[in-house]
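Should a chain be cited, it is by its letter among A, B, C and D, assigned in written order, with residues numbered from 1 in that chain.
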Amino acid sequence: MLIVKSPVEKTIKLENNIILLKVYAPEISSTIKPGQFLNILVSDSYSPLLRRPFSVCDIEGDFIFLMFNILGEGTKILAQKLKGETINILGPLGHGFNIEGDYNTAVIVAGGLGAAPFPYFVRALPKNKKNISFVGGKNSNDVITYGLNNISVSTDDGTMGYKGTVIGLLNENLELLKKDKIKIFACGPNPMLKALKEFTIINKFECEISIESAMACGFGICQGCPVESTNTKDKYSLVCKDGPVFNVKDIVL
Amino acid sequence: MLIVKSPVEKTIKLENNIILLKVYAPEISSTIKPGQFLNILVSDSYSPLLRRPFSVCDIEGDFIFLMFNILGEGTKILAQKLKGETINILGPLGHGFNIEGDYNTAVIVAGGLGAAPFPYFVRALPKNKKNISFVGGKNSNDVITYGLNNISVSTDDGTMGYKGTVIGLLNENLELLKKDKIKIFACGPNPMLKALKEFTIINKFECEISIESAMACGFGICQGCPVESTNTKDKYSLVCKDGPVFNVKDIVL
Amino acid sequence: MNKVDLSVNVGSLKLRNPILLASGTVGYGNEMSEFIDLNKIGGIVTKSLSLKPRKGNPPQRVVETSAGMLNSIGLANVGVEVFLKEKIPFLKNYDVPLICNIAASSIEEYVECTKILTGEETIKAFEINVSCPNVKEGGLQFGNDLNAVGEITEKVKACTNKPVIIKLSPNVSYISEFAKVVKQEGGDAVSAINTLVGTSFNIFSKRPKLFNVTGGLSGPAIKPVALAKVLEIKRSVEIPIIGIGGIMNWKDVIEFMIVGSSAIQIGTANFINPKIADEIIKDLENYCSTNGIERISELTGSYII
Amino acid sequence: MNKVDLSVNVGSLKLRNPILLASGTVGYGNEMSEFIDLNKIGGIVTKSLSLKPRKGNPPQRVVETSAGMLNSIGLANVGVEVFLKEKIPFLKNYDVPLICNIAASSIEEYVECTKILTGEETIKAFEINVSCPNVKEGGLQFGNDLNAVGEITEKVKACTNKPVIIKLSPNVSYISEFAKVVKQEGGDAVSAINTLVGTSFNIFSKRPKLFNVTGGLSGPAIKPVALAKVLEIKRSVEIPIIGIGGIMNWKDVIEFMIVGSSAIQIGTANFINPKIADEIIKDLENYCSTNGIERISELTGSYII
C-alpha cells in the first residue's frame, strides 16, 4: 500500500460520457493486479472530504487508466483534471481476480460501468487462456465495451444486441459455455450479481465477482464496508480488505 | 446590486506575488464606483463556503480588475482560475470614495494591499484634480505602486524609500501638503489607519478611509461587520453597507 | 408540466410554499427584495426582536469554518417599536407572510414584546427564540431549561391569537422533550434547529476569533445534526415542525420534509446566494411535477424506516 | 532548529507527544503500521472493545456529508478475549502506548472488560466510551445520564490501577457537568468529543442512508463544536482533557491545545491520509522550534480571553 501523488497525463472522453483518465503512476502500475482498486483523493479541500474508490481499468507501461462517468462532486472534479495536475492515490487496495487456475476461457460479465476493471484483466490474462465478454446495459448508452474482445451485448430495452438482461444473454449461450472449461468474472450492479449468483450455482460455473460498497478508508480500519459472508455468520467480511473480488459463493448478495 | 457569472479573461502576476485578475463583467464595470467592492464566490463547492470581498482595483471598458495575493483557500482558488472559467460576482457593494468636492489634490495613502482600490480611483478622478500617492510597506516586498502616479514610498525596515511608517512619510511632507487644498484617501492595515486618523485631525485634513472587516453576506443582512460609529453610540455602523469607505471622523478605529 | 400544489400548513398557518427565510439571515426584508420577489416566497422570519434596541456584540462577529460559519451577532436589533414604525411599512408593500421572531432576557420581556406586536396585522405568527441567556438565572440559556421553555410557551400563547412557534435549541440531550413541553403548553409548532454552540481560536494570538468567545454554528456542516433533531421530534411528538439547518438546495428541502418538516427555513445560504429561495421554489415545482407529486405537503414525514 | 520537547502528561499517563489515534479510526494498529512508524506517535486508542465479539450493524455504515461523515459501525469488534489473544501480540512489537477503549451495554460489562484487560501490561490506560445504549434503561445512552457516567467511572476505577479516561458524549446540554462527575468519582481524564448524532436520507427512496437510521458525525464539520466543548470543560473543571473532533493538521492541534487539551486524537483524518499523524508530529516540532516553544505542553489551556 502506497500513497503517491501522480500527474494526470490525459483525459480521454469515450462515447456514452465515459471518461478515461491516464495517470503516470509507475509505483502503482508495476504492482497492481486486475480487480484491485485505488482510493483517490480528488481535492485537497474538504469538499469532498473522503477519497473515492476506483478500479484500475488498464495499464500501459508506467501509466494507469481509470474509467468513470460523472456521478457527483468527486467524479466531476476528476473529470476536469488537466495534464500535469496531480491526484493523490492510495493503493493498490484489496484482493483482485484470481486469473490463474484450472480453466480455459475467462467469461467476462459486465453491467454498465462494471466493465471498468476488465481491460486490464484481459491484458493480464495468461497467454493460454481465452476470453469472451458478455456486456449488459439498460440501453445502448449504458453498454461499455472498451478494451474487451469477443463481445456479446444485451440491453434491457433492446436498443442494442439481445433484448433482456445479461443473464438472459448468458442463458441463451448456455450450450456454448458448457462446452468449454470456463470461469466467470463479473462486475456490475447488485441485481445483476444476484441473478448471476443463481445462474452460476445452477450451472455449476466457477465465478468471481467484484462488488462495491460505501467506503471511508478503503484499507480496513474504519469497518465501514461490511458484506455478509456465507462462511462466518458472526462476522462481516470487509469489501475493501477481503474483497472487492469475492468468490460468488462466499458472500450474501 | 447584481449577481453575475463573469468569465476570467486573464491572470496577471505582478511582482511581490501580487495577482491581477481581469474579468469580463460589463454589468459591473459600467456601474461600480471607486472604493466600492464585490463579494465573490470562488467555488461552487462548500469549501470555502462564503463569498470573499474584494475592492474593484481597476476598470478597462467591459473589464474589471481585482488585485490580491494568496492568503488562504479563497485567494488560492481565485489565483488558479484560467481564461474562460467563470466567477460568481455579487456587487457593486457599499459606498465608495467621494471623489467630487472642494479639493485640488487627492492624496492617496496606501499600506500594502491597501493599494488595491486606487488604480480605478486615479482613473475616475475628475480632470481638474491632481493626485499624489504615499505608499507604505513593511519592506520593499510589501510596496505596491501599480496604477499610481507621483509616488513616495516608505518601508518600516528602510529597504525602499523613506525608513519608517507611511505616516512618518506624510509628516515629512507636511509643508508641501499644507500648501495645497488636499483630501486624503486611504486604505491599509488598521494601525496605519489609526495613526492616519490622528494625523488628519491634528492637521485638519479631510480624509476618507476604506476599512475591512470579516463579512458573511456583504450586503447588509447578517450584521456580521460592525464598526463603532462616533455619531451613534447605541448602534454600530456596518462596514459592508455604510462603508467600506468612511469619513475618518465617523468611526472609532 | 402539471400544476403542482406547493402550499403547506404549519398548524393553522397557511403558506403558499414551504420556503421561509430564517431569522437573522434576511434582515427585515428590504435588502433581500433587491434579489428576490418577496411575493413568491413562503414567508419571512424577522431578525430576533427585543423590547429595547440592542447594539449587539463588538466585532468580530462572524468566522468561517469548514462548510459552516460561526456567528455571535449578539441579537443586534432595532427593538419592537422602531420595527413597527420603520420596518413594517416597507413589508406592507408585499404580500408575504411575516413571522416575527422574538428574543428576550426574561419571560416577562417575551410576553411584553408579543403584546406590543400582536396587534399588527402584517404579522402572521410569532417565532420565539429561546436560545437566549436568561438574565435572572445567571445567564443560563432558556433553551436548555424545560421549565422555562414550557412557561414561555404558555405565557406567550396567553397574549396572542396568532400561531406561536417555538424555535428550539439543538444544544440539549433530547430535543423531543422540549417539543413535548411546547405541545403540552399549547405551542402551535416548533422550529428546529437554531445554531450549535461552537468556537474558533487564532492560534497565533491565542485569542478567540469571536469577541463573544463562542458563537452559533450554521451552514451545511450542521445539516446531518439538524435532520436527526427533526426526525427525533417527528418520531415522538405530534407537532408541526419547521426544519432548519444547512439547507443549500431543493434536495436538502426534500430531505428535511421527508424526515418530518412541514416547512423549512433557509439561513446561511442567503448570504452566499440571495436568490436561492427563488431558485429552490422553481426547482421544487419542477421536481414535484416530473415525479408526479401533486401536493408537496405529502412529503412531510414520508420517511420509510 | 532547537530540540523541542513534545512530551505531554495526561494525568499520570506520560506520552512522548500529544498525537493519539482515535478509537475506531485505527483498527488495532496493524493496517496503520504500513503507513506510519507506530514507534513515533503518542499512542493508539483501540476500536471500542466489548466483552463478547460484536458483529456490528448491517450496511450501509458510512455516509459522507459536507466536510464530515456519518458512521454507524455498531461497535463491531473482536471482543476482549480475541483482542488479547490475536491483536495484542502484534502491538507488542512496537513501543507505543496502548489505550484500550471499552464499550458496553451495562455497567457490569464495563467492569468485567476492565478486569479482564487490566492485567495486560501493554495496555497503559483505559478510555471508556459512554456513548453506548444502556440496555437495562431501554437503550438510552449512558453518556446522556450523569448518574450512569458517575457510576461507570467509580466502578471502573475500582478495578484497575491504570489511568481511566472517560470519553464524553457531546450530545448533552452541558458537557462540563459530566466532566465534573468524572472528576468527583476519581476519573483521571476526559476525552472530548465523541461524534454528534446525525442522519442523512436518500430523497428518492425516502429511506435513511444508514441502516441504523442515525450515525455519528465526525470530521472538520464538527471542529468548532468540539473546541467549544473542550473550552467549556477547561473553564469549569480541573481535569486533563484529550481533545478530539475534526483535527486535520497541526494548526488544529495547536487550537485544541490552546483551548485546554493536554493531548489530542486524530480520527476521520486517518482515513483520508493514513500518514497524517507522522506529518503532524513533524509539523508541530517545526512550529514549536521556530516559535521558541520549548515544551509543547505549555500550550495547554493557554488561551487569552
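The criterion applied here is as follows: contacts are C-beta pairs under 8 Å (C-beta built on N, C-alpha and C of every residue); 3 or more make two chains touch, one makes a residue touch a chain.
Computed from a predicted structure; not experimentally measured.
Student: Which chain has its C-alpha centroid at the greatest distance from the C-alpha centroid of subunit B?
Tutor: Farthest from subunit B by mean C-alpha position: A.
Student: Using CA atom averages as chain centres, what separation in Å is found between subunit A and subunit D?
Tutor: Computed value for the inter-centroid distance: 36 Å.
Student: Distance between subunit C and subunit D based on Cα centroids, please, to the nearest Å.
Tutor: 34
Student: Whole-Å distance, subunit B centre to subunit D centre, using C-alpha means?
Tutor: Centre-to-centre distance between subunit B and subunit D: 47 Å.
Student: In whole angstrom, what separates the CA-based centres of subunit A and subunit B?
Tutor: 54
Student: For subunit D, jot down the residues that touch at least 2 other chains.
Tutor: 66-68, 219-220 - these are the residues of subunit D that touch more than one other chain.
Student: Two or more other chains touching the same residue: where does that happen in subunit A?
Tutor: Residues 46-47.
Student: Thinking of each chain as a vertex joined to the chains it touches, would you call that graph a line, ring, star, complete, or other?
Tutor: complete
Student: Okay, in this complex, where on subunit D does subunit C touch?
Tutor: Residues of subunit D touching subunit C: 65-68, 70, 144, 171-174, 196-201, 203, 205-208, 213-214, 217, 219-225, 227-228, 231, 246, 251, 254-255, 258-259, 302-305.
Student: Which residues of subunit B touch subunit A in their complex?
Tutor: 43, 45-47, 73
Student: Enumerate the contact residues on subunit A facing subunit D in the complex.
Tutor: Touch list, subunit A to subunit D: 1, 3, 41, 46-51, 90, 213-228, 234-236, 241.
Student: For subunit A, which residues are in contact with subunit C within the complex?
Tutor: 46-47
Student: Could you please specify the touching residues of subunit C with respect to subunit B in the complex?
Tutor: Spelled out, the residues of subunit C in touch with subunit B are 24-27, 31-32, 34-35, 47, 53, 55-64, 66-69, 71, 73, 76, 219-220, 248, 268, 270-275.
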